[in-house]
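What follows is a set of structures to go through.
Consider the two complexes below, in which chain A is the common component and chain B and chain C are the respective partners.
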Partner chain A sequence: MSETILELKGVEKYFGDFVAVERINLSVKDGEFFTLVGPSGSGKTTMIRMLVGMDKPSRGDILMSGERVNDVPANRRPTCMVFQSLALFPHKSVGENIEFPLKLRGEAKHNRKTRAIELLEQLHLSESYYSKKVSECSGGERQRVALARALAFDPQILFFDEPLSALDYRLRKTLEKELKDIQRRTGKTFVYITHSLEEAMVMSDRIAIMRKGRIVQVGTPDEIYNNPANGFVAQFMGEVNEFRVSRKDSQWLEDTETGAQYPAPPDSPVDEGVLIVRPERIRLLSADEKADSTFEGVVEHQYVLGSRVQYQVRVKERALLVETMIGQPFGVGDSVSLGWDADQSVLMSE
Partner chain B sequence: MNAPGPSSLTQARIDDTGDAGTPPARERGLKALSTWARQPGFLLSLPALAVFIAGFIGPLALVVLYSVMPARSFGVDNLPTLENFVTIFQDSYYLSFAWSIGLALATTVILMLICWPVAYGLSRVFRRSMILTLLLVLPLFVSENVRLFGWVLTLLNHGILDGSLRTLFGWEVPELLYNVPVTILGMVYVYLPFMLFPMALGVSMIPESCREAAFDMGATRSQVFREVEIPLAMPGILIGALLTFVLVLGSISEAKILGGQSVIMIAHDIETAFTYAQNWPLGSALSTLLILLTGVLVIGLLSKLNLDKLLSRK
Partner chain C sequence: MDTPSSAFGSRASERAMRIWTLVVLAFIYLPMVAVVLASLSKIRFFMFPIKSWSLEWYGSVLGSIEIRDYLWTSVLIAALVTLISVLLAIAGALAFARYDWKGRTLYQKLILLPIFFPQAVLGLAILLWSSAWDIAPGWELAVFAHLVWIVPVVTLVISIQVYGFDPAVEEAAFDLGASRWQVFKEITLPILWPGIFSGALFAFLLSWGNFPLSTFTTGAEQTIPEWLYAKMVAGYTPQVPALGTLTTLLAGILLLGGYWLGTRGRKQ
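Now for the complex of A and B:
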């Protein structure tokens, strides 16, 4: 878990005048679950196509286990990708699909079948799937077949191009955990692309966040959640409260629009910028509770999110989002007091 | 004819399923038949069905009927006999069959080889460009015979090719017309679109991601071709092959005009039997055999293909 298996040095890709990705420096360690997250158009698909060898970088180097692989085509790289469309072969059975990479290598029929059934088992599919047609499989089963096929290839790095995006919520959640589990068991390096930071958080050891062809932040899920590098990263995770502020003193910040005062996060060197407070970090306070800052407001809207509930609270000119566990004794029109502690907010210069 | 409205359709359904008592089987059968016959789909297809029966099934039945009449008879009121079929196998007619089948096979194989790269380019590189497609289809608007005579003028001794080369370079070109290769050339030329377009459709059915996935898993170019492209394009290839094979099997002009009757095709024999030889029963017997051969091939292949699926994709 220490050796660098994949390294990008100043990688850039242009399509004509269009800059798809630029100045990418990145390294992935052996055995890591690494996820590239970004909205559509952020260049993550371009990235993965270069990494598997379907596109060449316009500049910079891609190194695998220390060797430059820029000019090595996809069929001679020790990598394999699970496509967004899965790209299962419709004319082959489930078993033949899984055996495909072994067949290419000229492996004997008997060994291929043994391995395919082994993989089916590993992915919780019974042996009867071996002779099924791909068209007879459900969405989740196809995912597993595609993964089994990629594992049969036995790549050093396994790439995933948003394979779960077409599935329904529950199945996606199940497969996310299964994928993480398989990664841990096989010890392989997984590089995953998704537009959902939530999905990335569940599975990844480390996450790189991309925006407009550049990497904005690389870090563990914890780091990204607690210390987003900028407003984009903070917002990418979900809705946040943003305040444009300037520093009043070492303890307090002043809202440049409303003049309200907020506690400054400790040890922040920033004097002017954006203060970010996540909705779940703001507390609704009962009469005897205190926070570093306290405001009085009126509930304007209430959105039930399942196990949690989100309130939109009007505090003077501002509408704040507050998220908390469901079952609070507040409703629309109620007066509430709310607040947060200084260390629950992030101040960043923009 | 009374067009049934929705109410009568509902009525028919109720009749069909709502019977409490069980009437005798014959009565039930009749009832089911009348229910079926009152369906709007059946009624609407009646005019087309009538035309089809009168214009297609009828003549076909007549041909089959004539094929079992005594040789050189002109009525269908004689006692049936198989003598025409015996004649076919005793005389050298099997040779014409052999030539037709052989040339059809050769043309189909050659067309497969020629059309694959073109189909590939048409559906992937040029993205079904209108101009290119038009250029390929345009010759179909000119009569086949006219186009073949164009070839004759080109290849003829002292024709366009020979004459030009002689005048410009003093080269002597050997006789190019009236042999088997030039017959095949004519067939390949005339039937090319019938192989090309189904094949291009087949090629366009190969998902790009499947190609890339195979490549990603270490397949070489030829492995991608064998394992992914050919099987996925197979429906298009088969339809193209079927069309060209059947068309060449029944063709006549190429062998006559370009081949100068260096080989006799079966269609030519049939034509001769009906016209010059005035032996309708023999011609009918030959036709029947040809239709049988074609029918078995077409039905055999089409039963393995899902045309709906092929044509509804993209």
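Now for the complex of A and C:
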């Protein structure tokens, strides 16, 4: 079992009257890829600034490998960060950028260069980049240089402040996978912050979701997806179908607006609240197929999302969102039957 | 170069633009050309057209011990003003453009005020204060007076450079283990260097050519502009335009040299 490398105990941060983060308790294990996700203003930037040592918590303790580091400044913590702007040194070459932390430690020029080139290669950049200027590098190359510089520091924990947010979709996807790969190979603890849950899902071992300065849920991508702690988390993943319901009996829930009946998720203690069904959990049924509940509807809209397709289906007063593989024999105006199984939905009391 | 005429412009308007540019350039440079011509006259008096030509006034300027003294005073003042103003302005520019602090907007306005103050009045005011405090005028007082006017200018020049740099770069260096001093030496200073360099150039040239502040504050000592003025008022010889031409040349070389160094530095 790996050990806890980072622990937050009752951490709070105020700026004057403004509460930026509140009652944060969290622990990150050694070698874990941990991601803090939240919309802007959720306090995740404040969090990471405290973790790297550029801000002090107003209350509570931050522990690294069991030691309290509240008052240890950033330059004496065994951690470093890849900045959102990357913060590459514009007056230094790619090589000098990567060597910077080694130079500070008084490493000989020759060793520094060897290490820098090693890191360049590890990040799929050829040796010729060593003497290039930062301004000659593309966005993706700069990402790699920033990561190489951080790895040269050899931190115990590596922090990331949304470094991929400025890149185009395709490049971002590539770098997400590379980042995960590097994390696995180096075995280092990565703590990443982002506003994109999708990005977090791809890379993380565990995710903490933040909202208004508090942590709403901590869990594996699987847990976050299948058992969102509340509507905020559920919607954070993308559009969902929501029904306001009250319990009819142990098996069935009733829609408080339309009176329609939905199967109750098994073992749910909730009697009144919101039933959430993800669009990809609803199936379009052929004549011989069955689900725990079945509805008839008409396709109103069709949105092609690459390899997947989303239908908006009108079922009486409600418009349901259904997502499935592309190539279905349905089009706008067609009648369809659809349904989902009880264990594919989540019921929460809000 | 063959520039395509714009959608609105015709050949005629393009020609008018060119002529206008030439007129402006002539307007700016004609007085200087007149000064150079005057310095080449053999006759002692200032008159056009020049009948006989000579370089002898240049010889007499370069040979004059008196002028060499003034030159030394000018260089001494300009060099000290450059050094001190740059040191003050680096800190000043960081306060101006980089750090958020209480009273910053007030400071940004106050620091600019001396630039708009009439220099002759500023010079007189400094002289009055110094005599009230029993400080004898001399080159030291002139350095102080120049600083009052030049530090704001240099602060502005360096501020422009400060505005153009991402503060996260300093944080990143600190985060990677650098001490405050290492951050300044390795990151802040080199990034600000182009601004510091042009600031220094400005400081030197503004001090070098300053008359109104020097005239009140140098006391018994004299700078080149003061000597030029004195000679023009009484006892004109073509030494005046000759020295004027030489100092202009020197300033030009300094500027071009600075420009060359600057662009070379950026290419590397």
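Methods note: the second predicted complex is superposed on the first by the 349 of 350 C-alpha atoms of A that agree within 3 Å, B and C clash if a C-alpha of one lies under 4 Å from a C-alpha of the other, contacts with A are read in each partner's own complex, and residues count from 1 in each chain.
Methods note: a contact is a pair of C-beta atoms (placed from the backbone, for glycine too) under 8 Å apart; a residue touches a chain by one contact, two chains touch by 3 or more.
This is a predicted model, so every value here is computed, not measured.
K.L.:
Clash or fit: chain B against chain C, after overlaying the two structures on chain A?
P.N.:
Verdict on chain A: clash between chain B and chain C.
K.L.:
Touching A:153, do we find chain B (first), chain C (second), both, or neither?
P.N.:
Touch status of A:153: both partners.
K.L.:
Between chain B (first) and chain C (second), which does A:89 come into contact with in this model arrangement: first, second, both, or neither?
P.N.:
Touch status of A:89: both partners.
K.L.:
Between chain B and chain C, whom does A:52 touch in the aligned arrangement: first, second, both, or neither?
P.N.:
It touches chain B and chain C both.
K.L.:
Between chain B and chain C, whom does A:101 touch in the aligned arrangement: first, second, both, or neither?
P.N.:
A:101 contacts both chain B and chain C.
K.L.:
Examine A:342 and indicate which partner it touches, taking first as chain B and second as chain C; both and neither are also allowed.
P.N.:
A:342 contacts neither chain B nor chain C.
K.L.:
Pick out the shared contact residues on chain A: the ones touching chain B in one complex and chain C in the other.
P.N.:
52-54, 73-76, 79-81, 83-85, 87-91, 100-101, 104-105, 149-150, 153
K.L.:
Contact residues on chain B for chain A in the complex?
P.N.:
Those in contact with chain A are residues 207, 209-210, 212-220, 223, 227-228, 231-232, 234.
K.L.:
Spell out the part of chain A that touches chain B in their complex, as residue ranges.
P.N.:
52-54, 73-76, 79-81, 83-91, 100-101, 103-105, 149-150, 153
K.L.:
Where on chain A is chain C touching in the complex?
P.N.:
The touching residues are 52-54, 73-76, 79-81, 83-85, 87-91, 100-101, 104-105, 149-150, 153.
K.L.:
Which residues, counting only chain C, touch chain A once they are in their complex?
P.N.:
Residues 165-166, 168-169, 171-179, 182, 186-187, 190-191, 193.
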